[in-house]
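Quick one: this structure, given as structure tokens, is what I'll be asking you about.
Chain lettering (A, B, C and D) follows the sequence in which the chains are written, and residue indices restart at 1 in each chain.
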């Protein structure tokens, strides 16, 4: 088995914060404190990088809407087709007779993805929409 | 002037991740590494303490991981099968030879979904994970 | 020699489709158009008469269509919502500016799934549709 | 509204076949005989073209398997990552504690897609697998 190199360093935290960190890490299922902190750093890096509009990111756009609203579904589909190079696929779950959960998997430049998300989420009839940004996995050390 | 007590401890990170942390901390204006990490921990605590009760919600759990990490995919699949009543479906995109984007569509009690998300995101080898909460559309007027 | 009785009738097709039919019929060695169409009808009858009973099956319904066809997407969504207990999820890929690939994952009684598939595939504007039947994995030894 | 041009022609069928065609068309929900026959022709064109290995097609590969079979999931994922340019996305449904339904949406050259499907379906532990071929929607008149 390959041994992964690690860098060791020491740091300091207010004692109460350290206790709460350890409690939370246990509750969330982390094996140790370093692993929990490493995950937070990666999360913050993903968030930090999306500010640079030309970086390639992955993400999801989650929409809940009533498909009976006039023109809504056609509007959402039209927007999506205009960006079919960025939208990897869309999963649609029929929650009940009225409500739809639609999740778009996207990959592209951060700025473009934000623009598409805004267009979709602001469409009249969308009850709730959310852009979730993640990484392509490249340049994110583990 | 009152001296604030601090707890010192040492931890380890992959060297590339440590470099990226320091670069980001500089760009964001932090004076030192401990302070940057302390802020991330506080942010994560706020998020962790959000109330997840017995209300029915919909959501997505987004994961990016390297499927070559030993046992990782089996672990993720085992966790998912233990909750097959909550996970509506999982979409998997093969981003490149190593990296996978996996998006789970979930529906169930908020507290249970939070627990599944924590288990998956904390699994060793997951580069980035995110729980996104949305609605079933019921009782949300438009 | 016995003369077989025939029924003559006239029908209409998009001109490009008629040209492609004639080209294919030639390539496949048919003497005339009527004979080629008769073979397709017999093939479809065999498929249509397969028994679809009350056994629980899994399957997919695959549709390719142009989302610009008036009312088509609304019709397809309405049919799907009437059966939201059977349709696990629907994945939609935006192939180009016009064409959509939509794949429904279904689970339920074979006869009901066949009925939904027929409704969707026969909707005016669907270019190609296909029901694929598989198993729930239960009672299928390996 | 745009009037679509049509080509009219007459054809002949054995009387019993014509009756059975009309009965089936009604049962399947077609508005008229021409539309039902047009759908059969498109279906046959899709099937005919997949014989030409270099034509671009779309399709699905449907797999049912027990994810507890040793090495099976890793094998299936490895095969898929070797072809991540062809596999648009993979949807995974956790049917029960053991059984998985996995549906791959694919787009590429017919010959390559058949090869991937054969590799996946023949993997030891796959209970049932099926390749379903459809069209990119291009060059298929409606």
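By definition in this document, a contact is a pair of C-beta atoms (placed from the backbone, for glycine too) under 8 Å apart; a residue touches a chain by one contact, two chains touch by 3 or more.
Given the structure is predicted, the values throughout are model-derived calculations rather than measurements.
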Between A-D and A-C, name the chain pair that shares the greater number of C-beta pairs in contact. A-C
Identity of the chain that, by mean CA position, is farthest from chain B: C
For the pair chain C and chain D, the C-alpha centroid-to-centroid distance in angstrom is 10
Take the average of all CA coordinates in chain A, do the same for chain D, and state the distance between these two points in whole angstrom. 32
How many angstrom lie between the CA centroids of chain A and chain C, rounded to a whole number? 36
Expected list for chain B, residues touching two or more other chains, is 88-89, 91, 93, 95-96, 98, 100, 105
Of chain D, residues touching chain A in the complex: 88-89, 91, 105
Which bits of chain D are touching chain B when the two form their complex? 67, 73-74, 77-78, 80-84, 87-98, 100
What does chain B use to touch chain A in their complex? 4-18, 20-21, 24, 27-28, 33-34, 37-38, 40-45, 48, 58-60, 62, 64-66, 69, 88-89, 91, 93, 95-96, 98-101, 103, 105, 107, 118-119, 121-130, 132, 134-138, 140, 142
